[in-house]
Structures are given as structure tokens and as C-alpha cells.
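Both complexes below contain chain A, partnered by chain B and then by chain C.
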Partner chain A sequence: MKGGKTVREFFTSKTFSLLLIVVVLMALFTALTDGAMVAPLNIRNIFKEMVIMSFLGVGAAILMLSGDIDLSAGAIGSFAGCILALGLTESELPSWFCYVLALLTGAACGLVNAFLVNALHFQSFIATLCTSSVLGGTGFMLIGGQGLKVKGVALLNWLGDTKLLDGLLPVTVIISLAFIVVYGVILARTRFGRSIYLCGGNRNAAYLSGLYPTRLSYILFMNSGFLAAISGCVYVSQVKTAYANSITSYQFTGLTASILGGVSFMGGAGGMGGCFLGMLVLSVFYNGVTTMGIDYNYRTIFNGLLLVGGLSLDAVNARRRVRQVLKQSLVAASPPSEQEG
Partner chain B sequence: MEQYVEFRGIGKAFPGVQALKDVSFRMNGGRVTALIGENGAGKSTLLKILSGDIAPDEGELIINGERKRFSHPNEAIKTGVSVIYQERQLIPALSVMENIFLDDLPCNRAGILKLKEIRRQTREIIDGFGLSIDPAIPVARLPVAYQQMVEIMKAYRRNSRVIAFDEPTAPLTDAEISVLFKLIAGLRDEGKVVLYVSHRMAEIFQVTDDIVIMKDGRLAETRETAETDERSLISAMVGRDVGDTYSRLSRNDKLGDVLLEVSGLETERVHNVSFTLRRGEVLGFAGLVGAGRTEVMRALFGVDKVLSGEIRLEGETVSFTSPRRAIDAGVVLCPEDRKEQGLILPRSIAENISSPVLKKVSRGAFIDRGAEKRLADAAIERYSIKTPTVEKITYELSGGNQQKVILARWTSDLMTTKVLILDEPTKGIDVGAKAEVYQMVCDFAKEGKGVIFISSELTEVLSLCDRIVVMREGYVNGELTREEATEESVLALAMADAGVM
Partner chain C sequence: MNLKSALRSAAGSRDFWLVLVLIAVLAVFALVNPLYLSFNNIKNIMFSVSVSGVMMVGIAALLISGNMDLSAGAVGCFATIIGARLMNAGVPWGVAVLATVAVGAACGFLNVLMAYKLGIMPFIGTLGISFVWQGLANQVTHNAAVHIENESFWKLGAGKIFDIPVVFIYVALLCALYGLFLKYTRFGRRVYICGGNRFAARLAGINHEKVGAIMMVNCSVLSSLAGVILASRMHEITPTNLQTTSTMSAITAALLGGVAFMGGVGAMKGAFIGLLLLNAFKNGLDMLGMDAYWQIIANGLLLITAIIVDYINQRSLQNRLNRKVNEVNE
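Right, the complex of A and B next:
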């Protein structure tokens, strides 16, 4: 079965174009930075860059596959970070319990989103915009505009700073890659993952095929909140400070990575592999830009441009595919009509 | 000057189907031309080409001697072509007068609307139509019939030279229909080109002068209305092979015991519905659109809430709270709208077929891809679904193959289907695929399944079903055996009070 056609399919695939972008960017920045780009320590930084966005990206991708979007992920994560910081500094609770509390807070916020969407039939875009707004303000109310510094917590330091293999492999990177792999396997191989694709592809038809899209939607919104909270906690662990909007901007990075990776905005199509490559493209880009000494805050420009580039490539490929289908079906349709006439 | 519209060699293809092929005919002003044909014959595609909604792949459209190629509906409107579709193209929140003048609102130099002027002109048009509608009332608050009238006024106001009606009488009552026909006669007498698309034979003889018959995307023939009759029109529309299609079917002739018994079923939409279904039986449900057939099935399948009444499956009382429960008990539904409710279009054939039996193709939490592929391969083999692989996305299949995928989903090797409910399974698929679906229905019956077959095509129901339940406005209005059922007897039950029996 697998012959030349499969090879050609690979070269026109999303995976290939994303890999190509990664390679080209790496080569370009290596040339521009006299090789600093490919130094081992910098490779580590590229993956470190990916950590915060990865949890948000995974959550965003999965929710988008089911046909919804969570614009509150950044706010939920930041809010969970605030809860963590408050617990660690203002209470006597054990530090592991503060982490658990922060993660549960994230899931609870996701539950609220799910309720708004499924019980009150809000568009997920609007529902999560509302919760995002409320959470952002509440976080600010709790810890103020200066942020809340967290010092001398063993678990926090371990999570944020531990690096294995002579400093080349931070714990957070391991965790983030592990999450991507686990979620990738869930999506591609399990019944649960399949139900996400089916419900996202056509919620009504999936329900009539015996699935439970509403139940699934609750799980996925809570999952999105939970992953956002992990993201927020990791941020606080790395930076040792919680802000009311600490990871809000990463939310759009996560979304960008998913879209760039081919996750359909309409639901039902895309996968974790593409999402990971999308994140890799963005990390390489940010890292390269920083290594070259360009202001980090300019990165949103590239964010936008990369997305335009990636999606244009998509549009071209899609049009080519449609043309092929049309051609095939014409060939298939014409013989019988010839006979009739 | 005499007005005319001519189609020359029009062809149009969509993914999976050649919708139109080499269609040529001419419509003259001062005459009403009927366009008839079965579902999928290409009527709506032709209308869309006339209205500039889509561009033909080949051929040309000639209006009053000028070659036209519309790339946007607005160009058609400017040329004087108005197409009045079944789905109303009005903006519900705007008033009648705003809708009527939508594409050409009179303004003063500052761009402010001349509301008084608009109201005065609208008033004139409404009076001319002999109706009583307030020009300022939002369209959403008008009854459907009046919305249709507003649509026609819109075309009239544009002073269109060519006006096409797509099934205009579907939502209208008899009184409103007679008003509409007067209007159409008026347009004809003004020398306009009028195209009239309808399924209703009586109307065609009442209001049209010429008839264009389409079949499978081609022009079958054109006739003058005065020189033909209903019977020969139908045979021209359907083609001679239809009788053969049905007689060639290999039917089930052994009915088993009672499988499904519904008594006094009540939901919000249907009332006191009772019927029985035996093993090996094909039970038809006939009725007009909106008679409640689909709603009965949705209640059976656990989608709509059952308020009262009893459903017994193999003698045991059941009540399904979700499709999942119904499926597990062996009751399945192929819904009416293939693309909205049936298929999960962005996913593959295999994924669509395995969707109700995911547990059975899994080991623990993981899907057994091999088992899934074997299931799907067996299904495409059995139903001769035309595809290179089961990985193909269902979006890319033709209508007939899509329908077969849905049938395959509900009757795959891992399903334990006892009652198979098919809601309009042949809608929008071509004649060849229809014949295959008919044979599948007979095969299901032979396997001892009970099949409920809903269709709005009467010939289909009459030829395929062992018994026919006729519904009207949410009630069962009667039941006929195949021997008793004729087109007339079914229609009488579908349209009249049960007292007529």
C-alpha cells in the first residue's frame, strides 16, 4: 500500500511544512547569530520557552478540536498562580496542598465556563471572555498591581529551578513534553480522544450516534482550566512572583501554536503532533529574535505574521486538494451519465 | 420588444456529482414556464445559475439577446432577474418597506433615507397586490405566507424582467395561492419571463404555459402545458425504468412476530400515536412535511421527551433517555438531514462507521485500529461504497455514498440492530444509488429487522412498504396495507381530517 503516493502526501502535509519552517528558521538564526542559536544551552532555552505555552496550547488545541474556544485560559492560569502564591505566603498550609488547591481552582473556573456554554447556551467565545474579565479583576484585587513575591519555598524552588543533565534538562521541560506526549496518545489512540474528534466534527450527529457531547464539553472545559492552572503554577515557580495577568499573553501564543499546527477552528480536525510543531516554530522564532537582541516585546508582530504565512500555505494546499477531489469525482461521475444519454 | 431567457449547453459539477449537463432551453416573455423534475434533477442548481449565485462550468445564459455571465447575485438583480427561493431572503428585523427597497433605498443627498417616500411607494405596491399589510411592520411578525408575498413585492418593485419562483406555494393556504396565481398571471400579461418551479402537478396545469422537464441533471424534454397530461409528465420526469427498479427488488415475504409496539405516544409535537412493527416488515410513514413523522422517530430514539404513552420492544416496556440507550437496545435512527445530523463530515469513513460501537472496537481505553479497519472494510465491501480506502474523509464522498456510510454505521457487524428507522434516506441522491438503498431496505427486512421508512416521495413508500402509516398535523390519520394504498388514498389521509375515511 505505502508507495510513492504516501511520500508525496508527506511532502504536501502540514507536518512537512512545519518541519520545514523550523529547519529554515534554525538555519537562518544560526547564520545571523554566528552559531549561538545551536549552542546546547540555547537549545535548552528553546524548549524552556515552550513550557508555559505548552500547557495552554494543549488545552486550547483539545478544546478547539471539540469545536469550542477558551479565551479565559490565560486569566484562569494567572488566577491559579495568585491562589498558589497567596497560599504559600499567607497561609500555613503545606506547599503541595497549595499546588493542589491552585489546580482545583483552575478546574473549577473551567466548570463555570462549561456551565455557561452548556446549560445557559452561551457561545464559548463570549462565556470565556466574561470569566476572563472577572478573574483578571479578582486576581488584581487579591494581590494588587505589584505582584506577590514568593520566597524560600522548597517545592517551588525545586519545580522552578531544578535542571538535570548538567543543567541542560529543566524539570519543567520534562513535565511539559510529558504532557504533550500523554495528551497526544489520548487524542490519537483512545476512545476518549476519538469522542473529542467526533463531537467536534458534528456535535449533533455524534449525539445521535450515541455519544454524550455535553458531558464531554464539561470535561474539556475543566481540563482547559486545569492545564491553564498548571501553566500559572509553573510560571510562579520559575519567576517566584505572581501577577494578576502573569500568563495572559501566553494564552494567545498557545492558540496561535494550535492554529498554526493545523487544528481546525471549526473543530474535528487536527492533532497534537501539529500542535507541538506549531509551538516549536513559535519557540524557535522567539528565541532567535531574542538571541539576535531584538526587543522581546516585538514578538507579537512575528506571531501574527507567522500565522498569516502558515494559514496561507494551508489555504493553498486545501484548494489543491479540493481541485483533486473535483477531478476524481468528475471522472467517477461521467461514465454512467454517458451510458444513459 | 419581446423578452426571453435562453440557457445554452449549461453544465455544472460539484464534488461527487455532475449537477447539470448540457442543458439548453428557452423561456419566452408573456408565458409562464414550469420547471419540473425529481429531487436532484438539477432544478435548484439551474435557478442558482439564473440568480448569479453560482457560475456554470460550461454553456451560456442569454437574456434578450445578450450573453450574461453573473459572478454575483447583484449583477443578476441589476439585469432584471429576480429569483424567489423557498428559504425567504428577507431580513426579519427590518420592516416590510425596508425589505422591499433593500437593494435600492431612496436617500437624499446627505444619505438620509426618504422614509415617507419609501412608505408611500410600498403602500402603492401593497394596494396593487390587493393585500392589507402595514409597511412599517417588521417582517418577522408577518405570517410565512405574507413573508412570501413581501418577497414577490420585492421582485415586483425592482421591475424585474425575469422572475423565477421556487416552490412558492409550499407554505401558502388555498386562498393565498389564488392571490399568488393572480399575481403571476398579471406578471405574464405584462410580458415578463416567469419561471415556476413546483412539485405540485395541479398547479402546473393551472398556472403555466410551457413545461421544461429535467432528469438527472439533463433536459429531458419541453412541452406545452395544454398538450400534455399529468400521467405522461410523471413518466417523463421519472423515466421509464422506475417500474423496473421496484419490480427487480428481491423482497422479504416472511413477516415475523411483533417487534415494536407503540401506543398512545405523546410528545410536545405529536399526539396519541400508535402503531406496531413486525420482524421483517417495512413500515412506511407518509404525510406532508411537518406532519410529525420525524418527531415520532426522535421520541422513539430517545431524543425528544416522551410525555405519555408506551413503547414496547419485544414485549418489554422501554423508555430511552438518550440515543445511546436506544442504540444499546437495538433501535437506531438514520436522521433526515444527512449532513447536519447524520455524518461527521470532517472525519473518515471508518470513524463514522465505528462511532456507535467504539467500545466494541476498543481494548480498555484504547481503540483497536485493526478491528476498526476490519469493521469498516467489511461495510464498504457489503454496501459497495465507492472509495479507495476507509480513511477517506466523508466530506469528499458523493451523496449516495454518504448515505451508504450512514446505513453501514447502523448495520455494521458489531451492531445488534433490531429496529432500523430511516428518515428520508433517498433525499438528494441519484437514481442509481436510490435503487441500491431500496435493495438494502429489503435485505434488512430479510434479516428479520423491522424497518421504518419515512419518505415524502409517494411512489417510493407505495412500492417499498408492506404497510403505510399516514400522519397529519401530529396525529396518525390512518393506516393502509400495500394492497389498499394508492397515491390518492394516501394523499387523502395526509391532507384531510380522519373523518373522511
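Right, the complex of A and C next:
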């Protein structure tokens, strides 16, 4: 009985439907591209496509679990990339220090967001929209519209170009998968991770049960900024050029991936596994579209449609959850004779 | 006594301070660059006011009703591109403008469906759908500007009355019209109560979903009209026109003018002054030879400032209310 139930649960779960989408998309594109889709090199590209969106997606997912949103992640990441490129080209600082500086910049931008949201009571999305326009403008001011090329830096080349296993396993892919696993474990297995869910689900209840939602919010905003900065640095390492808007568009893919993967927009539900599968769906689709040579604009359109689709699923699920809770509480409140059956 | 109380109430009103700030901004930029107050430049400011202003009227009314639309710019651009294509295919400009408005209304209706039938929070739903419109606009035009060959359409935005661009007059009239509508009609007051307190609105027998839906469609229609004005003035429409930056500056103008972000508070009068202030400020930066990114930064900083002022106002209002309640209780 119990085994049957878990099997059925699996087949009706979001994980299963996402896996199904991945498989169907893979099959479809394989057929359409005469097998070019499943060539080992292309599989590598699919994962490589995921790298930049993965850091942004993880940051966005965790922040959304706690009930907030960061629309400045793309701008923070691009800005951190600009800082990195400036440090590497204009200053005599050691290259590892430039990386540290860029990551700290990201965390500091997150701190500003957290301050606006917690101390000045901005709505998180409008606060982060503001900081994103300030940071985007500042990035343009620092490096101009053409972008800043970075050449001949050993650490940068190592991070961006090293590939293990005959070129099939880039270092950046290992780092991004490691981050997903580490954050997944933190979320699912630690006390800190569970406290995020509680704060997202019910802030007052979290406060009353001895947590500090405000402190948590500061940590998560800084974490989001930090992860965004990592993706900005990875972008600069891969492309060897920093732009003021280099990863702005990835921010929404990250957001879409985590909403698709079942992270609730209202906070309090979802996990890293779903988020990872959401990213996989997106990168398989993007890669297939690129392999077939379809125009880039369809990517934007598809991204928007998926975001709306994921959101409507999220809204429907939230309503169903509320109904379930209501039904359970009704059952609990009714006399015991009616509870059986 | 009368003069004193009048002065006091003026000093307490937000519009008064906004006008002062506007005068200060004009004075400072004029001191730095005397050409700033030349008639040609004032006409420039008036033109930029007119495009973002039409959009701002829709967004301000929507914000007052407690909703949000981040797709306004993308909708305006997409709808106008369709209109421009129709005109180039030989359709008379009147029909093409009607078609543009119809496309805008349809996009707005989609936002309504998302917000009320699917239950998606408006700001993220409209953000998602804005990618669709943006991508479609790029795809339809192949990322290039659509030039409009229709001289009678060009005249729509080129006219002048006493040397004042007629588009500016359109916007001033539109603001006045919406201001009167919101203040003096029954429906207008419903917009306020829906934004201020949904629950109370419901208890008063008002269908807040209907009010929100009308304001959403209205906002999309006005953004497509903003696109029409832009296109008739520039003789072309580009898929990068009127995207998120214009939506953002329309929101900034409304918030600067005292429209509360959470709805229920604000008036068109203040929003119009906010619009003038924002555009005067941006144009001034332009005149000083500051690059475009300064405008983006300034927009963000102004928006933050506006919200902080809003927050402080709300808190002092709350404090005053509390004090009154205490007095009554004693």
C-alpha cells in the first residue's frame, strides 16, 4: 500500500513531469537535428549553457523560498564582472584578489537591497528594480558601451577554458553542479535550510518560534548578490570581456527555472532538485533551438511564456494547498464518528 | 489668519514642494547652461513629457487602483509596430491607430486574465508577458526600425498651437481629464477605495476585480497610444523603443508625484508635476553633456527617493492618526 502510494506520488509529482519534458524535448530535437543533439560535445554544451543561469537560479530560488525576490541579480552580476575586469586590466592587484573583490562587491550590493527592504520597508521587487537601474548605469559609466576585454590573465583563462576528460567536462560546470548540490543539502538537511522555509511560509510564526526573519533576509539577499557576482565572474572568464549588461537576460532564465521547478513565488515551498530540473528544461530547449538555427528572438518569447506558465501552475497549486489544509482542519474539527471512511 | 492658514496648508501639501523642487531644478540647470531654458529645449522637454506622459496617466491610475503593470512599455511598442505595418500596407492611418489601440486592449485583457483568472501576482505576470511582446516585436521587425511612410500620420504629432507642440497639449488635457474623472465620478472614487482597502471595497458592494480589470486594459490602451505619439513624431518605431526603461520612468514619475505604490493615494495633478520634474531633470543631465547612463542612474535614485519620502509620509500620517485616536479615547 505504502509503496504503491509513493510510486503514484512520484508519477504525479512535478519532478516526474519535468523529467518527462526533458526527455521529450531531447527526443524531439534529436529527431529534428539528425542526432546532433545527443553528441557528447553537445551534451557538454547543454550543461555549459546552464552554468551562468545556475548561480542566478539558486540565488533566486532561495530568496523566493523566504518570500522575497531579487530583480537586480543580473545587474549585480554584470556589475561585479565589470569590477573584476577593471581590477584585472587597470590595477596591479593579484588576480585572485580581484575575484574576491568582485564577489564582495556582489555581496555588498545585496546588503543594500536588504537594507532597502528591511529597514526602509520597500517591496523587494521595486527596491531591486531601483538598484538594478543604478548598477546598470554605473557599469556603463565604468566600462562604456563596447565592453572591456581582458587578456592574458592566467587565473581567468584557467577558470574559463579548462576542460577535464578530453574536453568534455569544463571546470565551470563542475563548480555550478557543486553549488547546486551544496545548496540543495543546506536547504533539505540543515536547520538553517528549514528556517528559510518557515520564514517564507509565515514570517510571524517564524519570529514567534524564535527565528530572526530580518537577519535571515539580510543573509539571503547578500547570498543572492554573492551568487550573482559568481555568475558575473564566470561570464567574464568564459567570454574574456565584461559588459555592463552581460548577464541581465540570464536573470530571468534563472527566475523562470526556479518557478518552473516548483519554487513557490509566495515563498515557503520548493527545493533545489526541482530548480535543477527547471534549468535543465530551459538549457535543453535553448540548446536545441540554437542547434536548429532558429532565431534568438524565439528564446525570449519562449522564456516569457514559460515564466507565465510556471506562475499559473504555482498559483493553481497554492490554491489547492489552501483547500487541502481547509479540508483537513474541517475533518479535525468534526466529530470522531465521521472521521472514519 | 486666512493668508496664514492658506500658507500653512500649502507648505503641508506635497504638490507645493514638488513645484518648488521643479523650480529649483530648472534654476540650477539654467544657471549651469543658459540654453537649458531656450525655447527649443523647452520644446524638447515637452516632447519627452508627452510620450512618457500618456503612459504615466495609465500607470498612475492603475497604481491608484492597487495594481501594477510592468509590460506597459513592451505592449505599447508591439501594438505600435503592428499599426505601423498596417499603415505601410496601405491602410488609412485612422484605422491603423484604431487597430493599435485594439491590440493594446487585447494585451491588457491578457494581463487581466493572468491576474484574476489564473491568480498570478500582477507585477511578475506582466513582467513575464513583457518578454513575449518584446520577443515578438523583435521577431516581426527583424530587430530593425519600421519606417512609416504616411504623411498625414506624421502631421498627427507635428502640429503646434501658439508654438506649443500639440502632443504636449494632448497630454495636459489627458491628465486633466483623468484627474477630474478620478476625483469627481463615482467610478473614480471606486478606484481609490479598491486601491486603499480591497476588503472594505468588497464590503461596500464594489467588485474590485472589475475595477482592476478596467484600469489594466486602460493602462495598456494608453501605452499603445504613447507608442502612436512617439511613432508619429519620429516617423518610425524601433523594437527597443518604450521597453522596460520607459515603464520604469512612468512609474517613477507617478511615484514622485505622490501616487502611493500600494494604491489608494495620489492624484493626477501631482503625478503631472512629477512627470515634468523627472523629464526636466533628465533633459538637464543631457544638456550638461552627461551620458545616457547618468539618466538611468538618476532614474533609479529618484525612484528610491520617491519611495522613501512616501514611506516617511505614510508613517507621519499613521502617527497623527494614532495621536487623534488617543485624544478621543482620553
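Quick notes on this one:
Here is the rule we go by: the second predicted complex is superposed on the first by the 302 of 341 C-alpha atoms of A that agree within 3 Å, B and C clash if a C-alpha of one lies under 4 Å from a C-alpha of the other, contacts with A are read in each partner's own complex, and residues count from 1 in each chain.
Basically, a residue touches a chain if its C-beta (ideal position, glycine included) is under 8 Å from a C-beta of that chain, and two chains touch if they have at least 3 such contacts.
Here the structure is a predicted model, which means the values were calculated and not measured.
In the superposition on chain A, contact of A:V181 is made with neither chain B nor chain C.
Of the two partner chains placed by the overlay, only chain C lies in contact with A:L116; chain B stays clear of it. In the overlay built on the shared chain, the residue A:S312 is in contact with chain C alone; chain B does not reach it.
In the superposition on chain A, A:F265 contacts chain C only, with no contact to chain B. In the superposed model, A:A205 lies in contact with chain B only, and not with chain C.
Of the two partner chains placed around the shared chain by superposition, chain C is the only one that A:G137 touches, whereas chain B remains out of contact.
No residue of chain A contacts both chain B in one complex and chain C in the other. Across the complex, chain C is touched by residues 69, 116, 120-123, 125-127, 129-134, 136-141, 244, 252, 256, 265, 295, 297-305, 307-308, 311-312, 314-316, 318-319 of chain A. Considering their complex, residues 114, 118-121, 123-125, 127-136, 138-139, 143, 245, 248, 261, 291-301, 303-304, 307-308, 311 of chain C touch chain A. Interface of chain B with chain A (complex): residues 13, 15-18, 21, 216-218, 301, 303, 322-324, 327-328, 333, 335, 340-347, 351, 355-356, 358-359, 362, 365-367, 386, 396, 398, 409, 432.
On the chain A side of its complex with chain B, the touching residues are 189-192, 194-195, 197-198, 201-202, 204-212, 264, 266-269, 322, 325-326, 329-330, 332-334, 336-337, 340-341.
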